[in-house]
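The following block contains the structure, expressed as structure tokens.
Each chain gets a letter, A, B and C, in the order it is written, and its residues are counted from 1.
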């Protein structure tokens, strides 16, 4: 099997598990929407700040949800020695990384569509610059998923996994959050030049994070 | 390094720190605009330098551990020792930077690119130290990879933050009030002696910390020998 | 040339020396029975051979791969049946087997064949979470036999199986060895080992205490790889 075939196999496995168990769609997705609502309560919709800060709130909600999605992705490998099964399987570590990251990215993208509709409806934001939203959104989501899987496997076998992963992942996602928020801000303001420039920054970060994950995942899986 | 050389480094460090204190606190003049507060920079700049130096050293040591031909436990110890000093330096840099911001801009915090980058790195390496504390079989490899993952973030974080601030066009504010022109010779001496003193302090602390980590792991090996004897002893008894 | 060669191996679980200096040599075509009380280190030794457990001291070589340097490359040539099934609760028996076989690079019909052999066809659509302990054991065995392995490592494979299952497993192991395979398994039951004509390796307190043949058998020696 080629690397891509192996990655597709792993991604299909994770997505099939989600299709059967529906943990992300019935737990993480509502969580993300609740976070959007909490921001509205905290910032008071009547003061008119919500439309201004909507992109930032959206991406913070996505980041927090992504932590849960990563946690779920490694919870399914924790039962019945599944992680040992993966190590013994003969699959390339890079393929496992790409597959798991792709599965998380797909689930997050579904979540983001729902959250984005929530932002348009709840925060009174007009949808504009859709092309940027899609491209920047997909790239940033891929980077977040890649970082989550890299640090998720680093902590996979640990008792403190649930508390350590957020500390490791969140500071490092800062450039992605910054880039995605700016890109969305400019896109929603119909200022496409800067929006694409920020999108190119995200593209660079995504490339770096995927490279790092491909290089390090196999070793980290061995020590997990 | 022999104990004698280590002691010599310790003495050199203390002398350098003493000379630095005299230069920075007594000999160098007040700044025309910032007065005595300028002396904060004589510590702020060197700690920022040692913070980044420490992270680079931790990354190099981690790479040396990962490279099979140079793999020795002391590289892992050096990475840990350097990162600990780095986090401490970063914390001190942030604290002094904050005090400096209050003095020169009237606020405790400015979203200035370098300061923001340093703040993010503080938490990145805090996470790295939390990871190191866990130990266990295979910890060295995990730690080494984590240190390399962290150091790659340094330019990315810095670049994104710089871009962010420059687009907001607030950089000029700092040039008007925050930057200090250190032209006076004794002021420059104070600054450079600080860099030298803190670099020596970094090296000395690394050596001391490496020694304790080495003793810890040899104590663990001794305990393991005892545990093996005990386990095998139950068979023969 | 031995398939497995281990010298003075020390393996740690946390700080506990689960293996405290094990020596073991296994030739191609052998069936080796790891005997010994609970907590002796049998599981850790099997995990060491599988490359799942890092070596703290000593040396270990499997298929000519030095496990201290490379714990991965030999894995494609072995199958491991542990206490766990390595399966996903939310996937069916068929889906779990299919994933394992594809991941190992085996032909897809290997999964179907293994499923049939271990009597799992009626359970093909049942999710792992809904299986009984005995059914899970059968699934673990089927997963192992869905791979093209030369070395089979089994940790208490008979536990939880009924009489039919045990007989089936023993037949399968004999056929595997007759085809040139090598087996290392742990068990509390000396009669199973006798039936298989296995060489006994007794482990107590993390070390091997003595090796002898359980019963004189026609050891399969024509295995040559």
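Criterion: contacts are C-beta pairs under 8 Å (C-beta built on N, C-alpha and C of every residue); 3 or more make two chains touch, one makes a residue touch a chain.
A quick note: this is a predicted structure, and the numbers were derived from the prediction, not measured.
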| item | value |
| --- | --- |
| Chain occupying the most central position, where position means C-alpha average | A |
| Far-end chain from subunit C, centres as C-alpha averages | B |
| Gap in Å, rounded to a whole number, between the CA centres of subunit C and subunit B | 48 |
| Whole-Å gap between the CA centroids of subunit A and subunit B | 31 |
| Computed distance of Cα centres, subunit C from subunit A, in Å | 38 |
| Touching two or more other chains - residue numbers and ranges from subunit A | 222-223 |
| In subunit B, residues with contacts to at least two other chains | 137-138 |
| Multi-partner residues of subunit C (at least 2 other chains) | 54 |
| Sites on subunit B touched by subunit A in the complex | 120-121, 123-124, 126-127, 130-131, 134, 137-139, 141-142, 145-146, 148-150, 152-153, 156-157, 159-161, 163-164, 167 |
| Contacting residues of subunit A [partner subunit B, same complex] | 150, 154-155, 158, 160, 164, 167-168, 170-172, 174-175, 178-179, 182, 194, 201, 205, 208, 212, 216, 219-220, 222-223 |
| Residue numbers on subunit C that touch subunit A, as the complex places them | 50-52, 54, 71-72, 75-76, 78-80, 82-91, 95, 99-100, 102-105, 127-128, 143 |
| Partner subunit C, residues of subunit B touching it in the complex | 68, 136-138, 220, 223-224, 227-228, 231-235 |
| Touch list for subunit A against partner subunit C, complex | 1, 6, 9-10, 13, 16-17, 20-21, 76, 79-82, 84-91, 218, 222-223 |
